[in-house]
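In the two complexes below, chain A is the common chain; its partner is chain B in one and chain C in the other.
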Partner chain A sequence: MQDLKLKAAEKRGVHQLGGDNLVGWDEVTQGIVLTSFEGDATDVAHKKAEERSYSDFNSYTATVASWRVMKPVFNIDVCIDCQNCWVWCPDSSILSRDKQMLGIDYDHCKGCEVCVEVCPTNPKSLLMFSEYEDLGDALASWPEKKKKEKK
Partner chain B sequence: MAVEFEVNEREVWDGNYAASQAMRQADVDVMAAYPITPSTPIVENYGAYVANGYVDGEFVMVESEHAAMSACIGASAAGGRVATATSSQGFALMVETLYQASGMRLPIVLNVVNRALASPLNVRGDHADMYLGRDSGWIQFGAFNAQEAYDLALCAFKVAENHAVRLPVMIHQDGFITSHTAQNVYPLSNEDAIKFVGEIVPVDDMLDFSRPVTYGAQTEEDWHFEHKAKQHKALMDSMSIIDDVFAEFKKVSGREYKRVESYDMEDAEVCVIGLGTTVESARVAAKEMRKEGVKAGVVAIRCFRPFPYEEVREALRNCKSIAVTDRSSPGGAMGAFYNEVAAAMMTSQSRPLVTNYIYGLGGRDISIENLKTIFREQKANADAGYITTDIQQFTNLRGPKLGFCKTERN
Partner chain C sequence: MAITSIKNLKEFSTNNDRFEGAHTLCPGCAHSMIVRELMNCTDDNLVIASNTGCLEVSTAVYPFTSWDTSWIHIGFENAPSAISGAEAMHKARKKKGTLKDGEAPVKFVAFGGDGSTYDIGFQWLSGAMERGHDFTYICLDNENYANTGGQRSSATPIGAHTSTAQAGTHSYGKKQKKKDIVSIMAAHGAPYVAQLAPNKWKAMAKGFQKALETEGPCFINTVSPCCTEWKFEPKDTIGITDLATDTLMFPMYEIIDGHELNILYRPKNILKVEDYLGAQGRYKHLFKPENKHVIELIQKNIDDDWAMLQRREEARV
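Now for the complex of A and B:
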């Protein structure tokens, strides 16, 4: 089972999308231009997400979890760290470090099921469950390895 | 480094060539364009300057006008000085991205050679495309001849890139009548031109890697209204900066521009207010009317957006009857220009009579005689004290007389 606190950086998904401080027309940014980071961001690309100083307007600090009705659950016991899900995820929501799959970023995952589709293991290491399913219950109900059908 | 392109003190240029020379002198970084009649020579000439080494800028060939403006938006957001040109159907295809450009506050310069919108397909000049851009949040300048197309293009960069403005600017010239008529044009020297326009100082440029920014964010009901209000405020506030730039341009060129131009208006009782090349015809007609004893004058709009309500009111203050000329199919209303002028005069002390003439669609000529008829009708209105004709009339149209709406009288 994934450690939900693992790589859950301090500022990730801390507010709802759109920001909390609804300022007036005279205070909004010119041209709806939003800065991604606080301060000088030179070489930020070489830092890991949890080390970056994301600004309040960066989607990293916002949560979009309320949109999701089905969630992928990750089973670390079956995973072979092939990184397929990390490559295909359209929302950068697969948490992986040093080519080791760690879990799902539930603040940004939209529940599209692409990771489940591309997972090559038997049984799959990622499966979709209801948003309200307890992670422990989900893992307890994981299917067995499928046997090859006899011809 | 670009090869010097020599210009003479006096040149014989058409409106398109004049505009392309302004683009060259302004040292544009990126021009992304898709050619369309009658604006094609602007981008074609600029392409030739690139190919022959007269400019250091990039010419980006794209697959449509939508892509042309999209590429301009990208280049402008990156921090470059950016310009392009279009007309008519191409303008229509660009519309979605025009709103993006102004909303993102990108100082793009767009030369629009006015042409009718299909259907029926037509390549000649009317103001349908210009009107299509009137709510797009761009500043809109009107040039009445080749010299002005050149001058206003240089001014456009200076206005757009001013940090208090940061809005895109269109320079309109009439298809064929201005764009393809060769006239004497007195350009600035290359040195004076670039000195006047100056260097672009980028704002929130995407090539600043120490400060990455997001352009084109989505906002819903909690943010959208505030952003659009701020944008509108910037557009309204740009009027004083446009005045400053025109004043500065006068210093280097000797040529004076105002957001509202007045001709023979000192004692005018009746007037024609117009846009584009019609202004010069109306000035000739007004002079002839004065020989007939009619105190006729002409008012012209140099800056269609932001619309100069106060200056229009000031210019028309002592006039008794005003003909507002709209060169675009009105589509089930009074002409858009009429509505602006009527709104301005409705809140004036004098509340003069305001009538609407639809004319010149698809490049149909408007003759001095047509304009004199309009002046005579204004004189009749002024003498009667009410609008004696239909409020909206069609001028120089074949078939039975066409007009709509009478004035309300007790």
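Now for the complex of A and C:
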């Protein structure tokens, strides 16, 4: 039985935990330290994301794109740069530089649709499309401005 | 302290995020909105401690960290103790002159969910407030133990359905009133205590800046709608928060030095609490005819609390 388990582990390329390198209670590493940056990490607040030297431990280098079923698409022609989407995006996925909204970071966006809800323009400058929709097609099918209904 | 401009959103948006994406919080979670806003409020170095909770488990999934600042996690309840220790060490080393850059301003912040603030970490928080360390404690109040499957906490309001206070034929959900943590913290003599909501970003940013600037222990309770356990669509997070502040389920106010109460947001049209309750799945059962008295009770509690807040503001007590 033990052999079978080991064989299965070898096949999958995973290894049994512990095994040869068992350590005593006193030798266990206490806690763990992950460094967010390579080298100098001072003055991070004044560096833009593209100027920072992220380490492999920083979740900036990871992606959650597979969580998405629908994706938000950004239409720069309608946008008024109000930055509502930037302040309320829960995933730091709105790329804003120098007071301008530039686009969406699709590596970190989870498709929650909060940005679309808070967008004040008419028609909205952010809309949800299927994950597989081509960006060009999405922009081509953008709705027209809605007229105010007279009561 | 290097304050960043919060004059308008355009200027606020020139800040560089120090809270990275690809954390594993649910889509539409308000926790990260609040955390991002706090970290964008200042340019100073931050030392942050987190209690166990959704925020902690989602932002430190081994081998990743979402924090671009110093961040520490120890146990469920002891972020206030950890941050007290860090603050005391910083003070001592500054005095001895053993810091690399003694002049660099550092702010100490602790985050906790409502479970670790209202219940499990209450004693630790109370101790740190009493000792008077210079830190800011921020409670991300989503009114249940969302990380472990939505059990009731002492922050859960009357009538809410949770996995350990279920609504059914014999019960209408939780029967006890929500603990008034803001008043308890103000009674500790804390120099700045506030209750804020993420939909009013400017009031919240102002509150955060005030708390970071104030020397001594500050406490901020923030409303953090939980789409998973409150049962609404992720896109409605800000809409639900709007309803919460407009029905006065979560009045926004601050208490300075334990006696000066200021109301930070007065809704133009105060909405009926039914609007807020009806938008969430956890209150669905209250709309059955036999539970009508619970809605009336909730509305009465809200009205009483709002009247009390207004009286306190007027009388400056």
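FYI, the second predicted complex is superposed on the first by the 120 of 151 C-alpha atoms of A that agree within 3 Å, B and C clash if a C-alpha of one lies under 4 Å from a C-alpha of the other, contacts with A are read in each partner's own complex, and residues count from 1 in each chain.
Keep this in mind: a contact is a pair of C-beta atoms (placed from the backbone, for glycine too) under 8 Å apart; a residue touches a chain by one contact, two chains touch by 3 or more.
These numbers come from a predicted model, not from an experiment.
Asks: Would you check which partner chain A:W67 touches, where first means chain B only, second means chain C only, and both and neither mean what they say?
Replies: The second partner, chain C, only.
Asks: Which partner chains sit in contact with A:H108 here, chain B, chain C, both or neither? Use first/second/both/neither.
Replies: second
Asks: Of the partners chain B and chain C, which touch A:D40 in the superposed model: first, second, both, neither?
Replies: first
Asks: Considering only the touch criterion stated at the top, classify A:D26 as touching first (chain B), second (chain C), both, or neither.
Replies: A:D26 sits against chain B, while chain C stays out of touch.
Asks: For A:I76, select first, second, both or neither according to whether it touches chain B, chain C, the two together, or no partner.
Replies: Neither partner.
Asks: Which partner reaches more residues of chain A, chain B or chain C?
Replies: C
Asks: Should A:L139 be classified as contacting the first partner (chain B), the second (chain C), both, or neither?
Replies: neither
Asks: Between chain B (first) and chain C (second), which, if any, makes contact with A:E117: first, second, both or neither?
Replies: second
Asks: Is A:W86 touching anything from chain B or chain C once the two structures are fitted on A? First, second, both or neither.
Replies: In the superposition, A:W86 touches chain C alone.
Asks: Taking the two structures together, which residues of chain A meet both chain B and chain C?
Replies: Touching chain B in the first complex and chain C in the second, residues 32, 34, 36-37, 41-42, 44, 57 of chain A appear in both lists.
Asks: Applying the document's contact rule, which stretches of chain A touch chain C when the two form their complex?
Replies: 32, 34, 36-37, 41-42, 44-49, 52, 56-64, 67, 81-84, 86-93, 96, 98-99, 105, 107-114, 116-118
Asks: Hey, which residues of chain C end up touching chain A in the complex?
Replies: Touch residues, chain C against chain A: 9-25, 27-33, 36-37, 42-45, 59-69, 101, 198, 201, 233-239.
Asks: Show which residues of chain B lie in contact with chain A when the two form their complex.
Replies: 103-106, 166, 203-204, 209-217, 219-220, 222-223, 225-227, 229-231, 233-234
Asks: With touch defined as at the start, can you tell me which chain A residues reach chain B in the complex?
Replies: 18-19, 22-26, 28, 30-37, 40-42, 44, 57
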